[in-house]
Amino acid sequence: MPKVLMKGNEVIAEAAIHAGCKNFFGYPITPQSELVAYMANRLPEIDGLFLQAESEVAAINMVYGAASAGVRVMTSSSSPGFSLKQEGVSYLAGAELPAVIVNIGRGGPGLGNIQPAQSDYFQVTKGGGHGDYYTPVLAPSTLQEIVELTKLAFDLADEYRTPVVLLGDGMLGQMMEPVEFTEEDMKVLPEKKWATTGTRGDGAPKVISSLELNDVNLENHNHTLQSKYEVIKQREVRFDTYRADDAEYMVVAYGTVSRIAKSAIDEARENGIKIGMIRPITLWPFPEKPFEEYRDKVKAFLSVEMSAGQMVEDVRLAVNGKAPVEFFGRTGGVIPNHSEVLEAIKSLAGGGQ
Amino acid sequence: MPKVLMKGNEVIAEAAIHAGCKNFFGYPITPQSELVAYMANRLPEIDGLFLQAESEVAAINMVYGAASAGVRVMTSSSSPGFSLKQEGVSYLAGAELPAVIVNIGRGGPGLGNIQPAQSDYFQVTKGGGHGDYYTPVLAPSTLQEIVELTKLAFDLADEYRTPVVLLGDGMLGQMMEPVEFTEEDMKVLPEKKWATTGTRGDGAPKVISSLELNDVNLENHNHTLQSKYEVIKQREVRFDTYRADDAEYMVVAYGTVSRIAKSAIDEARENGIKIGMIRPITLWPFPEKPFEEYRDKVKAFLSVEMSAGQMVEDVRLAVNGKAPVEFFGRTGGVIPNHSEVLEAIKSLAGGGQ
Amino acid sequence: MPKVLMKGNEVIAEAAIHAGCKNFFGYPITPQSELVAYMANRLPEIDGLFLQAESEVAAINMVYGAASAGVRVMTSSSSPGFSLKQEGVSYLAGAELPAVIVNIGRGGPGLGNIQPAQSDYFQVTKGGGHGDYYTPVLAPSTLQEIVELTKLAFDLADEYRTPVVLLGDGMLGQMMEPVEFTEEDMKVLPEKKWATTGTRGDGAPKVISSLELNDVNLENHNHTLQSKYEVIKQREVRFDTYRADDAEYMVVAYGTVSRIAKSAIDEARENGIKIGMIRPITLWPFPEKPFEEYRDKVKAFLSVEMSAGQMVEDVRLAVNGKAPVEFFGRTGGVIPNHSEVLEAIKSLAGGGQ
Amino acid sequence: MPKVLMKGNEVIAEAAIHAGCKNFFGYPITPQSELVAYMANRLPEIDGLFLQAESEVAAINMVYGAASAGVRVMTSSSSPGFSLKQEGVSYLAGAELPAVIVNIGRGGPGLGNIQPAQSDYFQVTKGGGHGDYYTPVLAPSTLQEIVELTKLAFDLADEYRTPVVLLGDGMLGQMMEPVEFTEEDMKVLPEKKWATTGTRGDGAPKVISSLELNDVNLENHNHTLQSKYEVIKQREVRFDTYRADDAEYMVVAYGTVSRIAKSAIDEARENGIKIGMIRPITLWPFPEKPFEEYRDKVKAFLSVEMSAGQMVEDVRLAVNGKAPVEFFGRTGGVIPNHSEVLEAIKSLAGGGQ
């Protein structure tokens, strides 16, 4: 198929449709409103369902309902709106319902502003809601990667019966790049025997619920969930490396920041600093393997984020004291430029010598 | 004052009133409803204000309003309800508003059940909402400690202009113990010059907001917040140790679980295992110091929680690879008994030898 | 087509589907919940959209959205739920949007009970919401008449761009009778050039709104509405008479009560009382013509209602002092039986001599 | 006390406070927002409670709660907001709870505009919500009359245990006039033995509810309500007349429109037309007596309203065919001027000759 020039938010929407998602419930919030608008426009054309809900809370609960009926369903929001959905995400996880939830992060905390930020890392990776649960979190860095990861998000959701988060930031949502959609056969979606589509009087009604009053039964259910999370950790970790093989220093960055970091790394290499990058693509499960591989080889790690320091905790856990872990970040919607990342690298390499 | 026999939930309420809190907004949810009921009964008697809100979301936003007016204000909930408040907590943090939020944790995820759990550790310590913020989290283990920590919660909230979380579980909320309230002079509350109590035409209106559209300004605001968090980390860490001095193994436990752990430790000592305990009282800031002190001395740590393993991450970060960190937990509302904790200790000591 | 035995609530739902309604937004409330359940079951089968909203308020506003897009859309509720929709009905009327709203009345005021009542006559005929508007109100008395009037409701809604109310009571909703659905060509629905279905870049966007800040413009809009209401009053009045030709006394009753009244009238005739009935089928516009015809002939009118006396006001307005107008009613869910209606008739006839 | 110059909305608020109302729950909507703002400012000063609710629906239900506790409580809104409160008003009526609800009407239907209108006459006098209930409706025409009628509203509410509506329009709310508040002894409020203020373990709990599942009991409750409404109709009708004694024609107008009508009447008198006015002060109960007195004397009535014709129905019912009833109205926020009312009078007098 030919390449088309689109906005990041629109690419998410179109990729979801290509993945067979015909149901969207949402509430507009900058900087992801183009996604909602695109869905409002496109879904009726393909006999899909778009509904702008009364609130973020209503939207996530409609997702719960649609997911229970076995259809592919998506909602999207930006940071404050995602916070409002936390109870619903915990319910989806508890009831083992597949759904894709997009979070296009913006500057916070509170109302903050509408500039890009990565300060929702904690709330998407540590289970921002209540109870012991995790959701796979996918963090694309280019619009073409959005196409792949949005498809993957729906597949993971269905395979593991879990909500999946697609995490971007305002920069990714607003930028335009040419993308290519591959043909997908939207009709061969996985069968969902558990879906509550009605018994038509044949057999006992299926029940989807996260309620379990008996503590032993609820613990057994938690064991099931934790076993599932272990399988996901085994199988579904995704990451990328850049000039890592001979690296003495290692940047860690994800999403749009990894693109800025690449420029800085190239420039640092020209300055004689042997530096590479680990780019987590799944933020949960966090890619521990490459850190185990490199933590004894490199002199120091540098986590670069558009936050006050959140992923850096997972980096520290993965490095486990085997090497220094430093941090460089900008917040409040300020996008780091490659020269200040370069300075941070120089400082790291200087400090590490 | 004489000791009185009360339920944990009621002790929180009465301690809040002793701390000068005359404003409560909430929504009933088991297992913390006695707290709401107590406030409904008591506050009108002392010319205070109790309001049962339309929803958890409404309640936390009423807290925002009352806090803006400079009064001491509290809300309380249990796990799913706390998730719904996440956006509001981020707003309180962003607007630097003092408030006390009680979370009496229950089994999850989702609707779960109404038995005790500690599986909200992540959502209260990692900033369950959006943006870079933390809230001090206090975790009492006895009803008498509730009295102290509730008072402390209000004082920290006012001193640092921050929401503070008081974290318990259904066991703590429902148990009865004799407690003693000390006389507090409720009238000498700290003056709040920033409060929006009206200018009466004198001077420019004060504004309380978490909105800051300019990214550089919002980053500066984040620097202010982060500096405040550094100060809190310096000054406000609280923890307790138990038979730690000569310990070769160390349990880490908080809240009600620490009481069960004590019995298990005593019994383990009788079995010849030199084991002690670090009990974090502030979950954020997490007490790193005692781990730095003991991590080179002990053979292994064992985090015991009523969760699938959440605090254990902070333990690993604090131990930083200097010693093995194991985990024992029960979930879904199952309370670990001291003999299974003892077994876990024996297994740790066996495995560590 | 063969006759099928169905519940009244289900007949409304199936008749709506026959009328080409593929969109339903609602919230369950007794005694109309079978309607919601039927739609939840049937609409997905025909590629329609069923959505259980967060609240009655949400449901009516979703109806507003769907109606704006030009599709046939329905919501339904019972008395307290209908009250909550009043703002939305006024918005639909102000924006001239076609929609069908079902009200299956129950005992009130307040929470009341779930037994049949006609005490919502005022709120459906006098514009229960704000501003100068009316909605056509259709009141079927049999399940077969439901089939006709539900179809008519959608046709009137589209023809006059107005919300239309279908008013029943719990008895009508719960009773079972054989009904026959005629084949309808659901595809030839009226074209709606005003619908906001997107311009695809071609021409100026259409706007649906009830906002008009300029008072003169809003008055002009009100003139348009009032002219439309005049046309509806001219063309769309529907009523039935029973044994009216030689009547000396006249019962006025609608809906299920008219069926009870018929038995009483037959018995009264056997007792020598020349009595007939006017049965309004449209409650708004109220059928004034038959009253103008009979008010000089009959000795007295008797309005029989399951209310404390509401339609009786419209009867008095239509009779305009030309004859006495008496009232007999039961309330709170009590269904009048034919013998007490007969007594009321005897008392009327005795008193009128 | 000295006269003070205030806005109408503020006069309502201050008069409520003079009447002992220390509890206000509301939601801002133009053109009554000054009332809310005034309460927000004043109530904290007198240890009262002001709460801006999450929505109009929340506000009216908070009124229900406060009224149940026996305190004097008020809410206020404008037309669309009042529609949203209809369910709550029906609940207050059903539960026989005293409360004062202010409606400062604006142009409609739907969102309309923020100019003055009287097009909520139906929804306040005919029980805009479900079930058989009425609320006394007071319609002041001057700011000084607001002082009296606001006090009266609270007294009627308490005496008859009923919600009472104070109906104004944007003009009345926004105009400024000097008013005088008389000293009221706010402390001697009527005792409310039925209030649910807690039993303190002494006796059975009191219950406030509008639920009555048994139909016969609910009908009995309706008889109680209807009997109460009869008593109110006997005792509490209020109206005023102007130059009515020798009138051959009669204007009917209420609220601000009656002031415009007076000028027109004076001018008509100078033109030799013997015309007077009946001004209903209570819209419900509607003053039927003066119509019974004058309907045989005058040649015609003219209802003048800022609506498309609503009160005119009650005028027709009261006149009962004994004289022609004409209507003149402006809508959409247009305020009739005295010269067009004069023209309407001339046309009436011409047509009546």
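For this structure, a couple of remarks:
The chains carry the letters A, B, C and D, assigned in the order they are written, with residues numbered from 1 in each.
Criterion: a residue touches a chain if its C-beta (ideal position, glycine included) is under 8 Å from a C-beta of that chain, and two chains touch if they have at least 3 such contacts.
Values in this document were obtained by computation on a predicted structure and should not be read as measured data.
Common neighbours of chain B and chain D (chains touching each): not present. The chain with its CA mean position farthest from that of chain B is C.
With centres taken as mean Cα positions, chain D sits 56 Å from chain A.
Here the CA centre of chain A is 50 Å from the CA centre of chain C.
Note on chain placement: the centre of chain A and the centre of chain B lie 29 Å apart, centres being C-alpha means. Across the assembly, chain C contributes 57 as residues in contact with two or more other chains.
Contacts between chains close into a ring here, every chain touching precisely two others. Contact annotation for chain pairs lists A-B, A-C, B-D, C-D, with touch applied as defined. For chain A in complex with chain C, the touching residues are 41, 44, 47, 49, 51-55, 57-58, 61-62, 65, 69, 198. Within the complex, the chain D residues that touch chain C are 57, 79-84, 86-87, 90-95, 105, 107-115, 117, 119-120, 122-123, 126-133, 209-223, 225-226, 307-310, 313, 316-317, 320-322, 330-334.
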